[in-house]
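Next up: the structures, one after another.
The two complexes that follow have chain A in common; it is paired with chain B in the first and with chain C in the second.
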Partner chain A sequence: MFHQLFHDVLETVRCSLADGDADALVLKKHIQNPIPKSQKPWDSALLIQSINSHSSLLKLKSGLVFCLCREEQTVSMEVGQMQRRLIEYTKSLFMEGILDDQFLQLQQLQDESNPDFVVEVVSLFFQDAEKLLNDITRALDQQSVDFTKVDAHVHQLKGSSASVGAQRVKNGCIAFRNFCEEQNVDGSLRCLQQIKQEYYHVKNKLEALFRLEQQIVAAGGSVPMMELSF
Partner chain B sequence: MLKSKTGMEDGFLSSVGAGDSTMLEPPTKITALVVDDDTINQMIHHRLLDNLGIRNQVVRNGKEAIDVHCSGKNFDLILMDMEMPVMNGIEATRQLRAMGIRSMIAGVSTNTRERENFMKAGLDDYQEKPLTTSKLVSILHKVHKDG
Partner chain C sequence: MASSSSLSSASMAMGDEKPHVLAVDDSLLDRKLIEKLLTNSSCKVTTAENGQKALDLLGLGDGQHALNSIASKVNLIITDYCMPGMTGYELLKKIKESPTMKDIPVVIVSSENVPTRIKKCLDEGAEEFMLKPLQKSDVNRLRCQLTKFSNPHKGMLCMGR
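== the complex of A and B ==
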């Protein structure tokens, strides 16, 4: 399950406790301790709906609704919460400069007739990028480095990262090309390391974002559209 | 949203500020050709055009662009990438113009060094990649259907 979500839930429960919500204490107890299968772990004041033998919807006085899955010891927030969580998460990626406007462009091109557009384009980008990073690594490993070749690969990576809005990867490529022009092997190797880090970073973030979207859809919700200005 | 003659809502017409009588009305809808070797760009440009209601085809390099015209097809708009294998955008643009093709050709590239040569080859417009809806709309404002 999505660990960051789990910690946020604990934090939300802690805040509810601080606000005097006694039910939050019950919830907290069951999030943190293993729940025996046979036992119904929560009192009727909390329980609003049993989804199935494994999951139930619980509501705190503050209005927050949680879905507790007993067997997996997981907690997930109700769809509205998940949608808000997704928006906050996406916003944070923009704030940190990991994604730029171009990603929003891609999201705007997604609709009911093209529901997987963003995932498809980003998957292409992952494939492309990993191949290019391998090619660049190999090219820099040669006895006599062919910088024209390296530059061509970096140019391509810059293009595809720009197309999906992977800003830090794109910026790394821009810097890399300077080292290529100078035929600087050490500088290029350092740059390559940097770009690899940025690439895996954005890859992890985007995969987490897509997982969040999948959870929302699986819970019967729709993926909220980001607004252009925030 | 403006409604086209078929009664369907047409976001494209609205977005280019088209009024009731416009050369962009159906039955002759705008057609486009995407010329780009990169699969990510192909996908994005195709979808950008689709989203604006523009029927479009995608080819992978300059030579395929020439071939598709030789087969008798014609397009209102050609989005031409510059750096492509087999035949690049500059050469393809030159050849298309030499063939008498007067379609709107918009160069789409990141290579600012070759921009002037690209324009000289016969472009009507040039946009930096990545292409966005608003860049595409600004290109489309210049499309003339009657050639």
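== the complex of A and C ==
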């Protein structure tokens, strides 16, 4: 029973970690190999400390701390740590140019009267983008391409991406419009591929960001506000 | 019908009433954004998804009475330039042609910075031309101008951007 709990704990912890995180790889190794009865269940990479009879702290080599509640058999990351992760993650998205200042504007608009504002607006962006990318794909697939139509769709996509701060998608659209003007089908197709990639990239990143926020709120914490200057 | 009453300066003179803005944009995302920007700045907002719906709301639709319209309450109209059907420019023209609506300030917003487009709109009587996406500082500025416009005697100081 203890081994089952151990596996459950590791699995939960592993799911909480971002891809590529060194600890995720350590844990993956543990989960794949069955633990013999004689062996100590906790690897030296993991440290376990009892806080009280109900809960223990699980500290990973990287410094991440999890709280294990034996009674409820739950594992949760410490709130402060989650908040720091969220800030670092958001910062990285700005540094990489995936998001721009407009995204911060959206976050600043959110308040208690509308606590899901950013998620709602971003969801609208996802809906818009997916529909428009389909429309553009279909339009470029025609025997005789109607570039006015393609341009209109790209213009709309540019607008939506600009409104949420999806910088790379927006820039892709700006480049695309040049190909439309030239009535260049090959260039347009290449550009479309590029924009699709950028779109799915930003979609994954934003969904991960929202998941981090949800975890913080679920743990009883508040979502930290990004500073405008960094 | 006195045309100056459509300025709703009477309602604004009460001081406590929120300015009422009509926002026109074909993008649902942008409508949601502008609505939040304006409500955060203590404005009452009505949105319309195209020029025709905006005209209907203003009581300027074909064969309409101004009776049930929001016309007398609107202090500002913000419209996107690029819209299918009726563009923001065409909507502006229709508003300026109306004896009841011509004095309501109209602001045109666009994602594109095209000088000829800007000049065209300003020449037709647009109050201002602004670039999208609108930011809090833009709305703050508009809000200040609105207060000054309707209440020249109220010495309100508008600080910062």
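What we mean here is this: the second predicted complex is superposed on the first by the 156 of 230 C-alpha atoms of A that agree within 3 Å, B and C clash if a C-alpha of one lies under 4 Å from a C-alpha of the other, contacts with A are read in each partner's own complex, and residues count from 1 in each chain.
The definition used in the following text is that contacts are C-beta pairs under 8 Å (C-beta built on N, C-alpha and C of every residue); 3 or more make two chains touch, one makes a residue touch a chain.
The structure displayed is predicted, hence computed values, not measured ones.
Participant: Given the superposition on chain A, are chain B and chain C in a clash or a fit?
Facilitator: clash
Participant: Output check: A:Met225 vs chain B and chain C. Expected answer is one of first, second, both, neither. What do you get?
Facilitator: After superposition on chain A, A:Met225 lies in contact with neither partner.
Participant: On the A-aligned overlay, A:Gln105 touches which partner chain: chain B = first, chain C = second, or both, or neither?
Facilitator: both
Participant: Touching A:Met95 in the superposition: chain B (first), chain C (second), both, neither?
Facilitator: So A:Met95 meets neither chain B nor chain C here.
Participant: Once the two structures are fitted together, what part of chain A is touched by chain B and by chain C alike?
Facilitator: Common interface on chain A, chain B vs chain C: 102, 105-106, 108-109, 114, 117, 120-121, 124-125, 128, 155-156, 158-160, 162-164.
Participant: State the interface residues of chain C toward chain A in the complex, per the touch definition above.
Facilitator: Interface residues on chain C, with respect to chain A: 27-30, 32-33, 36-37, 40, 82, 111, 132-133, 135-136.
Participant: Under the definition above, what is the set of chain A residues touching chain C in their complex?
Facilitator: Residues 102, 105-106, 108-109, 111, 114, 117, 120-121, 124-125, 128, 155-156, 158-160, 162-164 of chain A touch chain C in their complex.
Participant: Residue numbers of chain A touching chain B in their complex, please.
Facilitator: Going through chain A, the ones touching chain B are 101-102, 105-106, 108-109, 114, 117, 120-121, 124-125, 128, 155-156, 158-160, 162-164.
Participant: Show which residues of chain B lie in contact with chain A when the two form their complex.
Facilitator: Listed in rising order, the residues of chain B that touch chain A are 38-41, 43-44, 47-48, 50-51, 83, 110, 129-130, 132-133.
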